[in-house]
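Here chain A shows up in two complexes: once beside chain B, once beside chain C.
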Partner chain A sequence: MVIQSLILTLEIAIIATLINIPLAFISSIIVTRTEIKSLKFIVDVFISLPLVLPPVVLGYFLLIIFSPAGYLGQILTNLGVEVVFTKFAAILACSLVSFPLMARAIIIAFDSVDKDLEKIARSLGSNKLKMFFTITLRESFFGVCGGILLGFARALGEFGATIIFAGNIEGVSRTIPLAIFQSIQTGDDKNLTLLISCSVVLGIISVIINNILISKSNRKYK
Partner chain B sequence: MKSMNIQLNKKYNDFILNCDFSINKKITGIFGPSGSGKSTILNCISGFTKPESGHISIKNKILYDSNNEIYLNPEKRNIGYVTQKSNLFPSMNVLDNIKYGYQDNCEIEVNDIINTMNVQDLLTRFPNELSGGQAQKISISRALASNPDILLMDEPLSELDTQSKLMILNYLKKINKRYKIPIIYVSHDISEMIALCDDVYMIEEGNIKTKITSSELSFQSNINTDFQNIYLLEGNDSKELLINGIKIKVNEIVKKTQVIMMLSSSTIMISNEKLIFDVADNTLTGVLTKIKNSESIIRLFCDVGFEIVLDISKDYFDKLNLKLNDRIYVIFKSINVNISLS
Partner chain C sequence: MAVVVLLSILYPFLKKEDNKILVFAAVSLSDPLKEIKDIYYQDENINIILNFGGSQTLASQISKGATPDIFVSAGISPLNFMKRKNVRFADSYFLLSNKLIFASDKQIVDWDKKGIEEIIKSEKINRISIADPELAPAGEYTVQAINNMNINTFIEKKIIKAKNVRDAVNHMRLGLSDAVFAYNTDFNNYKDNYNKKFISEKLYNKIQYPIIIFNNHDQVDQFLVFLNSDRARNIFEKYGFSKP
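On to the complex of A and B.
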């Protein structure tokens, strides 16, 4: 049970992180680089919203949208796609909850890149895409990695939205936090200790790597 | 031959920039107080600010033309841009910084730039391991390596110490001469303008008022200037220097570098016989080469080995009974000779 939950947790967190990376990049670029203030404001609100709402509420929203009676769920059901109480549901829940943390950290990383550097890169012949990859991303690399890791760590610990939207199904959506919940409910102390240990170790590793990345990110400007 | 034509209008709330000027292959200065629109002109030329209307072209290449709706993006303008801060890319070493805008078909070789700018020893260093002057040298090298049609310099010396300023000014003259790249140099420091530029556009409240040569600027500002080499012995801690027979008092020791000596024309005395003053410790012998009259002041041009300009009252001029080619004595205090650029 512990190994299965650990593998499932890593699998779900990795996929959720991979889904979030391009979205976080796009939204961070819009927030930090666009001159259209209204667009910037709307994207900023959408990034922040999952951060301030309880995960249970987010799970409930997902349930309303993706349930067979929901707006999107109806279409998907007609196409023969079931989302609710599946592994995909757990991935979506983890994505939604971890997205703002990743996006916020990447926004900070992009903001830390001096706009004058980008200006100089353009004057040296780089178009916006080349400038983004050779300057913006390169100069904010460690901060961006830290943001991705932060999102990944949050996805590892996701509970509220997952249990509402994906249920607590062994082998499908029972990640470590849900397995801990299950062990507490059933009084399975042996597995509980192991699961909590796994959770703590994963958390410590994530925090250490994140701190190393942040210190590397800060060091080069000193 | 005109190398670049600039005609632009730009509004910022109450501020209106309205200028029309052209530059040649030399070093052209834009001189004016802070907020007069100097940097905005450079931003319009480089494409980071879009004017409301106007026309900007360089070597027959149109960068911006409001009538024909032409607006080239900054990366297509082929312009080298050097700002107040060196803005080197922090995660790249010096060589990677220099090569950033370099393309294989560039006329100027990177190695040639490295040698010209004398930065061979810095190539493996990172920007945080460079002094302000070194970083600005790399910034100029990087702009040069992109083989620009023109170099725009937005107060590149404003954050540097005197010695670094002098070093960079010498390099700028060198690269303009060697690579024949026109330079537009923006500053509110008159001594930089006099030391570096051939022509200077005076800008005030968004309008180009006049175009003058740097020697005219020097004349208008009553500053005598001259490039001189100072060679001091290492370890010499004297605060009084002797350059070409002129005593100069300095606050800091400048070693083995070129400096610009500046002396206000109003601080110089003239005599037709040798006088000895305790405080005026510089007396140079020369010949009166030119006399210029104005209502109350007579401006005299004297050859004392180099040209020195001074102003005296009409009464005093009459009293001395001076004529062209008369032998004269120019007297001034060493403390009035300024070799600082700032």
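On to the complex of A and C.
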């Protein structure tokens, strides 16, 4: 049970993070590079919203949208697709909840890149895409990695939205936090200790790597 | 947009599986239902997907559009809640029943001979955990029993309320209280030293677990027959549940 939920947790968190990376890049570029103030404001609000809403509320939103009676759910049901209470639902919940942490960290990293370097690259004939990879991303590399890791770490600990939208189903959505909940509720002390240890070890590793990345990026900017 | 793209990529993985039954159940039923699931998969090759949660949480998920085939609730109030919310279901009846017990981990001389009243009056029992009657059905049954035993006057000062019955049991195990009113089945996994006493069933309403059936197709019917068979009953009884 412990090994299964550990693997499931990593699987869900990794996929959720991979989905978030391109979306976080796009929204961070919009926020840091757009001249249109209203667009920047709207994107910024949408990025931050999942951070301030309780995850349970996010779970309910997802449930209402994707349930067979919901707006999107009706269409999907007709196509023979099922989302609610599947592994995909768990991934979606993790993505949504961890997105703001990743995006906000990447915004800060992009903001710290010297804009003059970008202008020089453009004036030397580089297109926007090339400029992004050779200047913006290279200059902000450690900060971006830190942001991705922060999002990943948040996805590891996701509970509220997952239990509402994906349920607490063994092998499907019972990640470590849900398995801990299950063990407390059923009084399964042996697994509880193991699960909590897993959770703490994963947390410590993430924080250590994150701190290393942050210190590297700080050194770079000084 | 991103969601649509993602869904189209993942379409083959998301296609609805046919050989499965989605069951929502109260967490207290985890152990017996998991055993039943394994047996049923071996015999019939049908995958029972079990989703556990608090009965009231599950009921509100259903009212918000979750679509299980079957829901086993601990107590009748989640069922009444769904009726109030006009949730449509095919059938419902009582599947199991449970019993209320009084338990303590304190060493009390002559536990077996003493009555509950006498034990509660003992100076070793200073605090008693119960589930909050406003939040959990277990609390309602406990309060009924306490009122019918006519012990509320001296028990009142000793009571601490927990948000559900499992937390009440955890209170005692963590040393926050000396005794607890809980379900018989709450102690299945605990090997610690504790004494328990069954509370006379005349003192509280029958604790019944309704099963609610949403989808009446053949596969579900077949599983319901199995749930009511002697083989499944024996598993439920092993974990302390009785016939309704």
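What we mean here is this: the second predicted complex is superposed on the first by the 222 of 222 C-alpha atoms of A that agree within 3 Å, B and C clash if a C-alpha of one lies under 4 Å from a C-alpha of the other, contacts with A are read in each partner's own complex, and residues count from 1 in each chain.
In this text, a residue touches a chain if its C-beta (ideal position, glycine included) is under 8 Å from a C-beta of that chain, and two chains touch if they have at least 3 such contacts.
Since the structure is predicted, the reported quantities are computational estimates derived from the model, not experimental observations.
Superposition note: with chain A as the common reference, chain B and chain C can be accommodated side by side. In the superposed pair of complexes, A:L23 makes contact with chain C only, with no contact to chain B. More residues of chain A lie in contact with C than with the other chain of the pair chain B and chain C. Contacts of A:I120 after superposition: chain B is touched, whereas chain C is not reached. Applying the stated contact rule after C-alpha superposition, one finds that A:I135 touches chain B and leaves chain C untouched. When both complexes are overlaid on chain A, the residue A:V172 reaches chain C alone and has no touch with chain B. Rounded to the nearest 10, the superposed model shows the Cα centres of chain B and chain C diverging by 160 degrees about the centre of chain A.
Superposition on chain A places chain B within reach of chain C only down to 31 Å, the least C-alpha distance between them. Residue overlap on chain A between the chain B contacts of one complex and the chain C contacts of the other is empty. Contact residues on chain A toward chain B in their complex (touch as defined above): 114, 116-117, 119-127, 134-135, 138-139, 141, 220-222. Every residue of chain B that touches chain A in the complex is listed here, in rising order: 46-48, 73-75, 77-81, 83, 85, 87, 89-92, 100-101, 103, 126, 128, 142-143, 146. Listed in rising order, the residues of chain A touching chain C in the complex are 19, 23, 60, 63-64, 67-70, 72-73, 76, 79-86, 88, 92, 163-164, 167-170, 172, 182, 184-189. Contact residues on chain C toward chain A in their complex (touch as defined above): 2-3, 6-7, 10-11, 13-17, 22, 24, 27-28, 30-31, 34, 49-53, 61, 64-67, 166, 169-170, 186-190.
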